[in-house]
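What follows are several structures.
Here chain A shows up in two complexes: once beside chain B, once beside chain C.
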Partner chain A sequence: MTALRERLTSWEGFLLLVLVLLYAWNALASPVFLTLGNQVNLFQLSIEKVIVALAMTFVIINGEIDLSVASVMGLAACSFGWLHGAGVPAAAAIPLVLLLGLACGGFNAFWVVRVGLPSLVVTLATMIAFRGLARVLVEDRGIGGFPAWFNALGQKPLIGPFPFAILLFFAMAALAWVLLHRTVFGRQVTVIGASRAVAEYSGVDVGRVKTAVLVASSGVAALAGLLFAARVGAVRGDVALGFELDIITIVLLGGVSIFGGVGSVTGTVLAILIVLSLRNGMALANLTGHIQSGVLGVLLILSVMVPVFRGWFQRVLHRPEAVS
Partner chain B sequence: MRHLTLSALAVAAFCGAPAIAQDAATAGPGQAVDMVLLPKFLGILPFDQAHRGAQEAHAELGNPGELLYTGPTPENSVAGQIEILTTAASQGRDVVLLSNNAGDQIVPAAQAAQEAGTRVVTWDSPIPSGEGESLFVAQVDFAEIGVVMADMAHSIMDGEGQFAILSATPDAANQNAWIAAMQAALAADEKYAGLELVDTVYGDDQSEVSYNRALALVDAHPDLELIMAPTSVGIVAAAKAMQDEGLCDRVKVSGLGVPAEMVSYTLNGCAPQFALWSFVDLGYLAYYVGYLLATGAIEAAEGQTFEAGRMGTYTIERDPTRDNGLRVLMGPFTVYTAENVEAAAQ
Partner chain C sequence: MTPLSAPALRLLVLLAVLALTVVFFATQIPNYLDARLFNRISTSVAVILPVAVGQAFVVLTRNIDLSVGSIVGATAYATGGLLGAFPDLPPLLVPLVAMAMGGCLGAVNGFLVSRFALPSIIVTLGTLAIFRSLLVQFSGGASITMASLPAWVPAFAQANALSWEGIQLRWMVLLALAVVIVAHVVLARTRAGRQFYAVGSNPDAAAFAGIDLRATVFRAFVISGALAGLAGFLFLSRFGNITVVAGLSWELRSVGAVVVGGVNIFGGSGSVLGVLIGATLIDLIDTSLVRWALVSEFWREAVLGFLILGAVALDALLTRRLLRRRARRSLPGARPALAPSGEARP
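After this line comes the complex of A and B, so read on.
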């Protein structure tokens, strides 16, 4: 009973409550909201961001940040376009682009782990550098004309009404949950984020874990960039520009502490559902982009304050127990 | 100005519309058509003017449906346009009038919308591949821009003298095409023989850079009589520079500009003539095209002729600036002078 009670009064429980209210509100406000087509669209329009948010959960819990993810997405999409333009078949270009993504992560990890620079600074620099590279490759003209099977992967339903990327997201979410909450690696990620010193004294290979997390972050971002290219069927130097803010907003709203050591995959997934249904609800209510940005900006501020709310929320709910 | 530099049309020779004998279709007023006017992004004057034109047509046709004006923020333009177009299709709206800023990346969303019964009509900036779009309402023909600029230069300099061009960036596709069109126009007609282009410089579409480049031109060319700026940022900066330095009697400014930003310089003689198409008219015409398509009065087919309210009769033609796609060419340019600039600046 206490376990159930604790779960319901946790941050995740609060997010679930918000999500239910949001769905109810949206469903009442627009008859379109609950239709299957709209629910698929709701995911489909942001699927690349939410896939990256799963990997970002590990990065931030680990006490780091990766600002370069959106630029890696852009670089991956543009490299794919460039390779396609150079005559490389898509089936060969995809693994090359994924390797490039892993290499981007390796580059980030080198400066963070080997040289010891803060990830904030390193990934800020590579955010600019990778974006610059993407723009050099493709400039401002669009490259399209990808093979039909590649475009279909992003645009057409694969199983039932669900496109490949949505199925992939749910599979990756399950994998992330197991990895973070049920494996030694997951515990190491969390312990390092909570206290690097404790982790080092306990014999955890901090450098290796951090490298793995940063490389995975870029690798997943490259995959997301390819999914974006498939969904829109053409790439340009500004692909995914500015996505890092939305991604980090989602992860922080999910209860992952910006200081590391705290967070769960369940929280991130709930935050994803909240942000997507909020966006979709605002779009169906015909709110302009400026208002939507404003609302998401407020959400970012609130989500940075999550640790404060979390403490307050749990004090209020657990007070009777503490007294008795 | 963003809308001048962003749309990526290629220059093309002017092709006459195929003259097919056919009665012009007219709009049956009072039918419910839900419209979305989707600009590249919100917050700049020309798009608000296009909205005014669309509202005018909406009222004129007595459409009981909704005209929604919504758009993304400039930073989120591409993803935002795709999202709004997709949502409009989910909502079952009949027409989306799109000033495309997403290149061909909008194609899958536009095709999905068309399949769901939402027509996509582009204006100001088309879908480059023409896929997913019913047709494009083009503002003016690029070749005509060259002739208009040549004529303004001819008129301001009385047919003789040195002039220079102040453009946006060296790789701005629109401006380069327009400058090439002007040079072609100058070479094509003997009456322009006295006009001498002495320099072409770039102000990067930034006010301060353009201002300094304009002053540098005057220093470098003592006999300069005119600065031609085919960019709405450059023309304002050049006119201000000439005014601030008291050079307006010697060096005039002309080019493409927005009346509201140019009115004081036109009235005080620093920029006696400049040109632009009317965004109000463009919004009005795009609305008519969307309404006619949605009500079944016209098909998106070459040779189809129709009437667009106060603007008269138009014909759908193949778009000569793209490999694939149909267009309605609005035209013509409005040349603004002290006579008409105040009314347009409202």
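After this line comes the complex of A and C, so read on.
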């Protein structure tokens, strides 16, 4: 009974309530909102961001941050375009680009884990550098004309109305949930974020876990960049520019603490649904992209205050004995 | 003979790098060293310099301000709109109004960061988007054009204080240099200035010494916003035409100038004289890459990114070595203290 009560009054419960209200509001405002077509569309238009948000959940719970993800997405998409332009078949280019993504993550991890610099600074610098490399590759051109089967990955429904990218997201979300909440690795990620010293004294190889998380983040970002190229069918130097704002907003709104150690995949998935339906609702209401970003900015600041709100919220709802 | 202090050495190294860069490009680009190079770089540095100096105040307190690019854009636009509506405003008042507007936006950042102890990088990433969307909202997507401004505004950016054999020293450049000098004196010689260093180098010790941490951090963000507002006015004066993308991604250039100029990204050390050299170096590389035939100009952004990473890494290594040497001197055989990031490996 207390378990159910705690679950309903948790942050995830609150997010669920917000989500239901948002869906109701959108459904009343626009008759097309609740149609399956619009729901698939809503996911498809942001599928790259939400896939990266899953990996970012691990990074932030681990007590780090990765500001370079959007630039890695751009670099991956542009290097795919560049390889395509150089005559490399798409089937060979895909693994090469994914390897490049892992290498970007390895580069970030080298500076964070080996040299001991804060990930905030390292990934701010590589955010600029990787974006710069993407621009070097494609300059001011747009590269398109990818094979039909590649574009189909991002555009054509594969099973029922769902394209490959959306099915991949569901599979990755399930995998992320198991990995974070049901494996030793997931516990290690969380304990390092909660207290690095405790993790070290407990014999956790902190460097290896942090490296794995940062490499995975860039690897997933590269995959997302490829999906972007497939969905749009062409790449430019500014692919995914500024996406880190949405991605970090989603993760923090989902209840992941910016200081590490707290968070869940369920929270991130709920936050994904909230942000997507908010964006979709704003688009249906004809608000421009800049205004949408502004609203997202407000949401980002509110969500970084989640620990503050969570404190108030639980003090109101729980009696002291239920908190412990 | 006393050896040079570490900060002085740092400045000398920066100056040497700057000189080497000039020499290198002079061998690569024909007719490189002329009056036009000086004129072009000095005016373009003058616009970014106030932003970088403001950023330095924030970085000294262990924070970062990513919203400055949007503040530059918003104040440039608002000042232009104001001048369009009231062309008779006294010229001396206009930069002050721009600074006040920027200061208010900076106060929003400062309030959120200092009152709720939120990470500044997240708060200012949010306000970066918010300030820009306010600009879009109020402008309705329309631009400010040169024709709508009183004649003295574009004239100010062109006016020379000194001119000699084609080398022109603009009033705008002198204004930016004055900002650097005032900021340097404040930071190096006044109690209020030293507090920024104290808060950034050890917040606990600063609090025990009776320094108001919240007020100091708040002040740094207000200064950063106000100087970004001043840069917004200079931007308006120099370019005349303001669109909604004015000042876009300037936050990265200002952070670059600060970090390359030797201000420690972990707070607590650095000087604005270094920031002046850092800003000049970045602009010099930027401008020269465009003219260098061997390498495409699209390398500019990548070079900036790796330059920042290199500067930060160098800084961390130097600090760590310094701490180790001090520890050895005071206690033979002692292990060094934690690295400034607190991230030293076990």
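We adopt the following convention: the second predicted complex is superposed on the first by the 318 of 324 C-alpha atoms of A that agree within 3 Å, B and C clash if a C-alpha of one lies under 4 Å from a C-alpha of the other, contacts with A are read in each partner's own complex, and residues count from 1 in each chain.
In this section, a residue touches a chain if its C-beta (ideal position, glycine included) is under 8 Å from a C-beta of that chain, and two chains touch if they have at least 3 such contacts.
Quantities reported herein were computed from a predicted structural model and do not represent experimental measurements.
Note on chain A: of its two partners chain C and chain B, the one contacting more of its residues is C. In the superposition on chain A, contact of A:290 is made with both chain B and chain C.
Contact with neither chain B nor chain C is seen for A:167 once the two complexes are overlaid on the shared chain. Of the two partner chains, neither chain B nor chain C is touched by A:103. Contacts of A:142 after superposition: chain B is touched, whereas chain C is not reached.
Of the two partner chains placed around the shared chain by superposition, chain C is the only one that A:304 touches, whereas chain B remains out of contact.
In the superposition on chain A, A:235 makes contact with chain B only, not with chain C. With both structures placed on the common chain, the touch criterion links A:280 to chain B but leaves chain C unconnected. According to the touch criterion, the shared surface of chain A, contacted by chain B in one complex and chain C in the other, consists of residues 140, 288, 290, 293. Taken in their complex, chain C has these residues touching chain A: 112, 116, 118-119, 121-123, 125-130, 132-134, 136-137, 141, 244, 252, 255-256, 265-266, 296, 298-306, 308-309, 312-313, 316-317, 339, 341, 343-346. Of all residues in chain A, those touching chain B in their complex are 30, 32, 35, 37-38, 41, 45, 140-142, 144, 151, 154-155, 231-236, 238-239, 241-242, 279-280, 283-284, 286-290, 293.
Touching chain C in their complex are the following residues of chain A: 65, 111-118, 120-122, 124-133, 135-136, 139-140, 200, 206-207, 237, 244-245, 248-249, 252, 258, 288, 290-291, 293-298, 300-301, 304-305, 308. Listed in rising order, the residues of chain B touching chain A in the complex are 8, 41-43, 68, 70-73, 75-76, 78-80, 82-84, 86-87, 90-92, 102-109, 112, 128-129.
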